[in-house]
Each structure stands twice: as structure tokens, then as C-alpha cells.
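Chain nomenclature is as follows: A, B, C and D, assigned in order of appearance, with residue numbering initiated at 1 for each chain independently.
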Amino acid sequence: MTGWFNAHFVSMVDGVAYGLLLFTLAVGLSLVFGMMDVLNLAHGTLYLAGAYAAYALSDGSWLGLVIALAVGLVVGLVGGGLLAAAVAPLQGRGHLDQAALTLGISLIAAEVMVMLFGAEVLPTAPPAALGGSVSLLGHTYPVYRLAFIGIAAVLAALVYLAFERSSVGALVRATVADRDMVRAMGVDTRKVLFGVFGFGAALAAVGGVLGAPIIAPGPGIDERVLVLSLVVVVIGGLGSVRGALLGALLIGQVQTLGVALVPSYAPFLLFGAMLLVLALRPQGLFAPGRA
Amino acid sequence: MTARRTPFLIAAAAAGALALSACGGGTLGGGEEEAGSGGPIKIGLLVPQSGVYKSLGDDMKAGFEVYLEEHDNQLGGVEVEVILADEGETADSGKAAADKLVKQDEVDVVTGVVSSAVMNGVVDLFETSKIPLVGSNASPTTLTDATYIWRTSYVNDQPGEALGAYVAEQVDGSVYFLAADYQAGLDEVTGFKRSFDAAGGETADEVYTPFPGTTNFQPFLSNAKSSGAEALFSFYAGGAAVEFVKQYDQFGLLGEIDHYSAGFLTEGGVLDAQGESALGTFTAMNYNFDLDNELNASFVEAYEAKTGLKPTTYAMASYDAAHVLDLAIEAAGGEDADSESINAAIGEIEEVESPRGTWTWSEIGTPVQTWYLREVQEVDGGLANVVIQELGEL
Amino acid sequence: MSALQVRRSLLVGLVAFGLLMVPWVFGAFTVSTFTRALVFAVLAMAVNLLTGVAGMPTLGQAAYFGVGAYAGALVSIHWSELGVVQLVVATLAGVVAAVLTGPLAIRGRGVAFLMITLAIGEIGHSAAGRLDAVTGGTDGLSGIRPVVVLPGSEGLVNEGLIYYYVLVVAVLAYLGVGVLLRSPFGLTLRGLRDNEARLRAVGYRTDAYALGAYVYAGGLAALAGSLWASSQRFVAPGDMGFEIAALALLAVIVGGVGSMWGACLGAALVVFTRDYFGQIVSGHAPLLLGILFVLAVYLLPKGIAGGRAQWRSLFPAARAARTTGETT
Amino acid sequence: MSAQVPDAGAAVAGGVPAVAVEGLSRHFGSLKAVHEVTFAVRAGSRHAVIGPNGAGKSTLFALIAGALPATAGRVRLHGDDVTSLAEHARARRGLVRTFQHSSLFLSATARENVLLAVQRRHGVQGSPWRAVGRRRALLEEADEVLGQLHLLDRAGAAAGALSHGERRQLEVAVALATSPSVLLLDEPAAGMSPADTHAFQQIVLGLPQEVTVLLVEHDLDLVFGVADTVTVLHLGEHLITGEPAQVRASEAVQQAYLGAEDTSDLFLEEGP
């Protein structure tokens, strides 16, 4: 048992890092969908934009990282606002039109980013102080990923508390549960949508800045992280922060520990896990109740 | 009932009447094509302009253009017109682009092709339309009996095969295999093991990682590390190669387990991206920019002047493709050359002088060439592949 | 017989004539693009049957398209060059695959269904790359022989003849779907989309109908796959990948969800944008597709088939010019 | 089709009840939405279930229709235990519901809405092709039902284009077209104007006598206008079942409705 644990310890730790990264991506997608029934397929583009910001601005110094984070935040907020404005006219037209629109936008954005940054994968160095690797119970592990686990865990905790405990969070949850009721109470749900869209987008872009040293920016990364976050969201249950967190951690482990255990089935693990969950609970693990 | 049938009759009559009055001129019933005499020779350059292979496409385009610029845009003494087509990322997009070159632009010859899936997909097209394809990268092992398909690059299993025996000799212990899970990865490992097993090498395990889609190699690297292997042979290219090499370092394999790979791992732009993590990586390749011969020196100089970069094997193979066409068009009679005669002339070429050294055609239309062992070393403050020794001819 | 009927008949005749004329007017590349568009149209009809008619948006039809393409290709390589044999075997293979996977897929509705079908598609894609012995792995399956229409006749090599072969099968598929939609089964599927709870309350086993639609769509997609194998003479795992599935779904959305001729037009638009115009501005096909989708969603909310009113509103200037022209 | 014996049920007064609910319970965690409710619906009767807000009417309705599984107890249809049957299976045995909010096939025409019910009854599923030939007969039948509900002139209109009152009529038409032995009406007067409610009352009164009608309703005007038997629920439990006069006079009912002092007053007002 200890031998097994020892052999897969790094995979389990790395699964946590991956899971937390996925959470920063998935939570915005999940809330926007749960609250406003908006399917945003340009969500991966926001991660990519953040990651490119990190590539362009980080120079190995802490200041570089801070600037990149600030730029990522702005890019996310602006991008989220623009996306919210873009889908606003589609109110009441269903998911398919939103999907076509946001996918179209993401195709255009991807092309623009290739023009700006080229078609290579651009590996992004973390601040020099976090550059090396350390020994973790006798295993070599990158310092940056450890630091990332710390930062992302704090981020996740803040999001969780804000959503579950604050009054704004209560409003968001109420909107997920029953939009018409909240509207009847005199709340402008459009403002809530813009707010949550901007917040989710900013989180994804910040995730991109922080995640760039782990999943480097390059063509096709937007689609890959989009699919990963969609999987997390449907596994967790649409519109649930808790679901997004647990779904992300589960997928993180599937993608690391699962792959380490059965490497020859690696291509089937992600979607196999999702099929299993959806076959048992089509509404996801933690679907919030709807009135 | 008659009321129902009337609209149908009108529809049929309308269609029929118009169809009868139509005249030929298209794919069916059209006249004979005018022969390829007069005007420039049309060359289709089929390389990715979008998608994950775009940078390879850029190298190949530049390599081809360098040759043309050196020869006043003439091959075999004839003005050529290069028509660019986007291979894209998938077999479908590549095939559609090849279709366009052959059927719409009516090119005389095509060169390029990065992806081996595209190569397989277009075999029938070139064989049936009897137009030569001088491929400059993709080279599936299964392609052995084509008449109109040539490759100036290599065969997919050769980089591995060139290296296998050497590694078996050098490494005292078992070797772990990690490769991207697609045909080229399988081919490389198969080629490697052919010479490796023959030389008595010992295999620890053989694992293929999902491609594309793997960005995190940690679980695979952890398994490799705990396997107790002395060395590791990998096959990755492009973005995956960058991630793989960096994580090889980050998870503590660098320095503990010797890393051997097919040359694509550290070829071109990816090496800068990998940084110091790539130091000490051994690769096998048919070319390196530091090869000491006259032609290479002038090629490197011209290429650097054009792009600001050192040429890669992709650029070199594309340069050679232009050279092959130059020789063939001249032998086929210059102005009077057509697809058939060019194809015949390609097969007649005895040897090609190349930046990689002189090579000859194999029986299946690929180069017989010298392979080199290279190591990533620090050179003048930067990183570069440095040739350590020859691995023999394949 | 009303004027409307006359006009519609003339339109049908004109379209039929246009389709018949393609190989006589255009060059080989354009004709082969038309062929691809026709194949894609059949796939889009399968997607539309689920998405537009039964209200179950799918990203998994490429899996059955791929099953059909591989089945057709393998029949051609190992057994028979006859088109009919390939089409029948491929369709059956698609039906079997849909029967096996459908019960899992129809457990979800809406986005859950979309994601389950996405998973089925991606797993199928990975599996096709893995099963080297059958599928030729990631390098694809080549060596497909030219398709033969009647026993003893020559295989089809000319682009124009291949086009006609695909056209005939596609038109039959279109008519088959049309009959299905007019049948009580078709009405029930529309009921499934509109209001599944009510359908159940009236006494329908709605899951059985959802599965029925899924299997029919699976067979239809596989039929398209066989046409693909015959016309391209090459099949690769990418043919059953996410890109094909997404493009088929987007073609349906652009064409007008629920309308079969809209789906066909949408498919043609997507194929021509990607393969034809995308090659003209080499390397920017994804950009063109992106622009196409954004414009379509904003300008044609109901798709190409969404009625004349929205088209007219697009050209206010032209309308104004015409009315002034009429008054003077 | 096996359980369609409405005539037999109606003929024997006090014979096998059309619907019998025995100790039926549905708990959501600790909440006892419906708790050990027992009553019977006589075949051919017009039976109403009423109760103040939170009495468990909607849950009871869902339990009888089969939209919710019961925690305990039994539902019998013409004496047969149908507790374990799914909603569609109960519908096939003649127990057919309508919905509180109009629940129609909005993109289909009124005629097609009814046609869907008619073709289900004729067992066309599984063989779509064979049924094409019988389409004319099915259409005639659909039109007959539309005529009964005074909707024939709107047959070609999309359900989405109908007025609110017309939709309620169509709602009943769809249910009726399956030729039910028991018709479950879920708060049909919800959101209706008094005029519409009155018109709807006439429709219910005009339903064929052999169809048993069980309605759950807030609007007491409608209830006392059509029902011959009334069941009152309170806090998930059964309070009383009896003739309207009997129920009006009940003190327990009086207390249940907000402790009002005079029930006759209460019953003149709009429902809660």
C-alpha cells in the first residue's frame, strides 16, 4: 500500500493542481449557464487570452506576474462584458444560437491570436523564484505547481465563500434557482448576468495567466480547455459552485492518477468518466434544485 | 389526384427542358485539356498555413522559396508559378487542398505535405491523375508501391531505426518508450526497436500518450521514473515536444534518465521554447544546420538572410524538393516538360547534392542518406543541436 | 392549382435542373466540392432529425458517420465494389452502433444529451485511431476501390459521375426523411421536441421514440459515411471527430433548425466556405467560418430557411428602390 | 387498452371505484407533502379535490397521474393496482391528465395536437409507414374531438397562436382524444378570467357521462359548479370526502381554511 501510494503520490498532488486550474475555468461557465441559460463556447478563448497575456508580459520577475495578472483581469472583464453584450440580443432563442455565435466568435478570436502570437505553442516561464523543482516526500515536483495549488486553493475558497455566504452570492444562487422570481422582486437580472459573466470571464482569464506555465498558450488550447471545462460543468451539475469544484477535482484526478494507473486507456478516461457520471445522474452530481 | 400530379409534371418539364438546352464544358462532356506547352510550369506547394502544423509549413515554404530565389524563380531553366494551398490540420482539409491544386489549378507537380494522414489520403489522387508529388516531410512506412509519389525527407521509422543499435550499445539497463499515440509515433518506436532488439537492447515498457490533447505528461513521466529504466526513447514534435521536454526536467527525469529521441523533438523553434530543459537530449536526424559542407554553408546563409532563423530539416527537405524538380524539369526538356515526363525524369536522377550531403533514391522513392547523432548543447550563449557522430546510412 | 403551387413547382424544377447541370458547367474541383457538400447535407439531415425535429441537439453524429465510412470502405476493399452493397452494410452498421449506444445517450436531454453524444463521438474517434488492424490507425484507410453502380459495369472515377452517384443517393435520403416527417412517427418526434411531458401524459413511451429517432439518425449518418468513403476513397479518424460533428451541427443552425432543405443549404454553405473560399484566402478557413456563424446568428435568426420576411428586412434599400421604381 | 371499461364502472353505482387512493403518502425528507390519504372516486362522477395552499393537492395529483413515485400506499384504477406503473403506462390504461399551465405542442397545429393523442390510441407506434394510409380516419377522429370542444374553426392554427381560453380547451381536447376512462384536470381555472372559467365549466359539464372527471382546483366557484363529490386535503392529510353541501357544512373544513368563521362566506370568495 505504501509502495502504491509512493508510486502515485506525485500524480495525486498534480491532480489537485490540475483540478484547481479546471475549477477557475469551469465555475464561470457553470454560473453563466445555470443563471442565464447561456451556453458560452468562447470560454476557452478567455483562458487563452490570459495565457498569452502571461506569455507576453512575464519576464521572470514578480512585477511581470502582477502586471500580467492585472492585464488578464482587465482582458477577462472586458471580454466577458463583450460576450454578455453579444449574446444579449439572443435572449429567448435557445442554446443552439448561442452556441453558434460564441463558437463563431471563438474561431475569429483564435485566428486573431494566431496572427498576433504565431502558431507555435509558447511555453511561459513562471517567476524565476518559482522556477525550479523541489523534493516532495522524495519526489521531484515543480515549485510553481505547488505555489499554484496554494494560490488557486485560496481563489477557490474565496469564490466558494462569496457564492455561498455573501448577499451577492445569495442573489446569484436565487437567480440560478428561479430567474423569474428574482426579476419579480425588482432585481435587474441583466445586471446580474453582466456581473456574473464578467466575473466568470475574469476568473478564466486570471486562470489563464496563472495556468500558462502549466497549460501553455497555443493554437487549439482554447478548444481543449473548453471541452475540459464543459466536462467538469456537466459532471458537477450546471449552476453549482460546489459541483464545479468537486467535478474539477475529480477530473483532475482522472487526468493524472487515472492516466498513471491505466496509461493505455488514457484517451478514453476523460469521456468515459463523464459518461459514467451522466449515465447514473444525467443532471450531474450536484445539480441545484430548481423551483 | 391529377391536381397533385400537375406540379410534379411542371417541375419535371422545367428541369428536363433546361437540361436539354444545356451545353457541355464542365467535368463531363468537356473538350480535351490544352497540353502543358507554353507558359510557366505550375507547382503546387501544399503545406499547412493554419492549425498546429503551421510552423512546419512556414519552414517548408521558406526552404522552397530560398531555392527559387537562388535560381531566379526558374527550375530546369523554365519560369515556374508556385501555387500555395493550405494543408490545414486534418486529412480532410489536406485532401481538399490537394484536390484544388490538381483539379482546379491544374498544376504540373505538387510538393510539400506535412501530415502522414494527408499523405495517405492523397495517394489515390496523384496515382490516378498521374501527377508527381515530391513530398518534403510526411512519409508513412506503408507507402511503398506508389509510382507518382516521391519524398525528399526520410521514412517515418528511419530516425528511430538509425538510433536503436547505438542506444542498445550505450545504455547499460532497460529503455522506456514514450511516444505520441498516432501512426508516426508507432512507426518511430517500431523502427527503433527493430535495430535496438537486434542489438540486444532491453525494453522496460512501451506507452503511447494521447495525441493531440496531452499537455500534461506528469502521469506518464512518473511511471517512467519509477520503472527503473536507464534511458528513455521518445517521439514528439511541435507543441507537445516543448511540453514534454520541459516536464522531463520539472519532474526530475533530466540528468537521471538519459533521453533519446527522434530529431523532431528539438528541431527548429521548439528548442528555444524548451530552453535549458533540453540540454543533454540526444536525437537522431538526417540533417543539422552545422554540417560542414559548401552547399550547406550557402544554404544556411541564404535561409538566415530570408528568415532570421537557422534552417530546419523541414526547410532543408523542401529546398531539396525544389532541387529535385530543378533537375527533373531540365532532364524532361524544360519548356516541353509535362507531369508524365517530369515524373519519369525524377526517377532517373542518380544523386542529389544536398545541404545534408549527397543522397540517392531508395527503391521506394525516398533518400538513402547519412544519419547523425546530435546533442543539445550550449553554443555561444544559446542552445543548439550539435552533431556528435554519424549513425550510418539508411 | 394555385399560383403558389406553380411557383413552388418551378422552383423545385429549377433546383433539380441546377443540381443536374453541375458536372456540365463546373470544373472537377468545384464538382468535387459539390459532392462533398451533398454528403455533408445527408449528415446534416441526420443531425437535424435529432436536433431540429426531435429537439435533441447532438455532437455525436460524426461517430455514426465514421462507422458508416469505415464499414463502406471495408466492404469496398475486402468484399464488394457495388455501391448498393456498401450503402446497405454501412447503414446497418450505423443502425447497430446507434442501437448499442442510443440507450445511454437518451438518458439525458438538452445539454446533458449534447455532452453524452460528444463523449460518444470522441471515444469513437479515439477508438478509430487505436484499432489499427481494422481502420488503418491514425494514418487512415486507403485503397478503397472506385464504386460500381451496376454489376459488371466500370467503377466510377470521373468526378462528374461520382457526383451523380452521390446526388441520387442524397435525393433518395431526402425523400426518405420527408416521408418520415409526414408520418405519425414524425409528428410524434415534433411532439417530443415541443413537450415531452405532455407526450408522456398522453401515453407515449417517449424514450422509445427518442431511441427510434436516434437509430434512424444513426443509420442516415452512416449512409452519408458510405457516400464519403466512395467519393473520397479515403477514410481517417478525423472524419468522425469533433470538427465534423460541430460543423454538421452548425450547418443545421445556419440552415434553420428543423428545416431539412435548410440543413442541406447550411451544409453546402459550410463546405463551400471551408473547402472553396477557405482555399482562396489560403489558411483562413476557420476565420471565414467564424464570420459566417456570427453573421448567420445575427442576420438570419431563423436560419436560411426561416422565411422570406427576415431576408427582406436585410435589404431595406433594395426594397425601397423597388417600391419607388414601381410607383414612378 | 385492457382497462378501458368505463361503461361497466358507471353502470354499477357504488361498484368498483374509477380511482381509489389507499394510504397514499409522499414524503420529501421530513416534509410529509401527502400523508396516508385514502378516498375513492366513483365511476362517472365529477370529483374535486380542494384544500388551502400547501395542502398537498399538487403532490397528490402527481402521485395519481404517476408523475411522482409514491413513498407508501396504493393507487387503484378500476380496481387494478397501478402504483408501480409509469405515467405513460397509466395513460394507456385510460387515466389521462391535463396540466396546470397549458402544456401543448406549441409549434404544431391544434389539429396535430389532437392527432398526436388519437394516433397513440390507435397504436401506430413502431410502424410509421403502415399508418400513413389510415391518416384520413385519424384526422376525422381528431376533428370530431375538436368539434366537441368548439375548436374546429381553429384546427389549422398553431397551438402557440391560440388565446389562453382556447389553449385550455385544446388542453382538454388532447386529453379527451385519448378516450380516457378517467380525466385528471390539474387546476384548469388557473389564470382564467371569470368568463373563461364559466365557459370552461360548461365544457366540463358537457363531457361524456362515462368519463370520470377528477379535478384538483383552487377556484371554488368552478368546483361547486361542476363537482358532485368533493375531497378536502389539509396539511397533506385527508380531511373529508362528501357531497358539496356536506363539505360546506363541515367544521373541520371551516377551520382548515384559515380558521374562517363562516364557511358559506368563504365559499363565495375566490379560492386562496
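The definition used in the following text is that a residue touches a chain if its C-beta (ideal position, glycine included) is under 8 Å from a C-beta of that chain, and two chains touch if they have at least 3 such contacts.
No experiment lies behind these values; they were computed from the predicted model shown.
Undergrad: Counting hops between chains that touch, how far apart are subunit B and subunit C?
TA: Tracing touching chains, the least step count from subunit B to subunit C comes to 1.
Undergrad: Averaging each chain's C-alpha atoms to get its centre, pick out the one most distant from subunit A.
TA: Chain D.
Undergrad: Taking every chain's C-alpha mean, which one sits closest to the mean of all protein C-alpha atoms?
TA: C
Undergrad: Just give me the whole-number Å value for how far the CA centre of subunit A lies from that of subunit B.
TA: Their C-alpha centroids are separated by 36 Å.
Undergrad: Rounded to a whole Å, what is the gap between the Cα centroids of subunit C and subunit D?
TA: Taking the mean C-alpha position of each chain, the two centres sit 43 Å apart.
Undergrad: Where the centres are mean C-alpha positions, what is the separation of subunit A from subunit D, in Å?
TA: 48
Undergrad: Taking the mean of the CA coordinates per chain, how far is subunit A from subunit C in Å?
TA: 33
Undergrad: Could you list which residues of subunit C touch at least two other chains?
TA: 126, 129-130, 284, 286
Undergrad: Mind pulling the residue numbers of subunit A that touch at least two other chains?
TA: Residue numbers touching two or more other chains: 267.
Undergrad: Pairs of chains that touch, anyone?
TA: According to the stated criterion, the contacting chain pairs are A-B, A-C, B-C, C-D.
Undergrad: Quick check: in the complex, which residue numbers of subunit C touch subunit A?
TA: 51, 57, 104, 107-112, 115-116, 118-120, 122-123, 126-127, 129-130, 242, 246, 249-250, 253-254, 257, 284, 286-287, 289-294, 296-298, 301
Undergrad: Can you check the complex and tell me which residues of subunit C touch subunit D?
TA: Listed in rising order, the residues are 179-180, 182-188, 190-191, 193-195, 197-206, 208-209.
Undergrad: Once bound in the complex, which stretches of subunit B touch subunit C?
TA: 3, 6-8, 10-15, 18-19, 22-29, 49-50, 54, 84-86, 88, 90-93, 95-97, 99-100, 102-104, 116-117, 119-124, 128, 140, 142, 181-183, 186, 210-211
Undergrad: Quick check on the complex: what are the subunit A residues that touch subunit C?
TA: Answer in residue numbers: 33, 39, 89-90, 93, 95-97, 99-101, 103-108, 110-111, 223, 227, 230-231, 234, 238, 267-268, 271-272, 274-275, 278-279, 282-284.
Undergrad: Where on subunit C is subunit B touching in the complex?
TA: 1, 5-6, 8-10, 12-14, 16-17, 20-33, 36, 126, 129-130, 132, 136-140, 142-144, 157-161, 163, 232-234, 236, 238-239, 241, 243-244, 274-275, 278-279, 282-286
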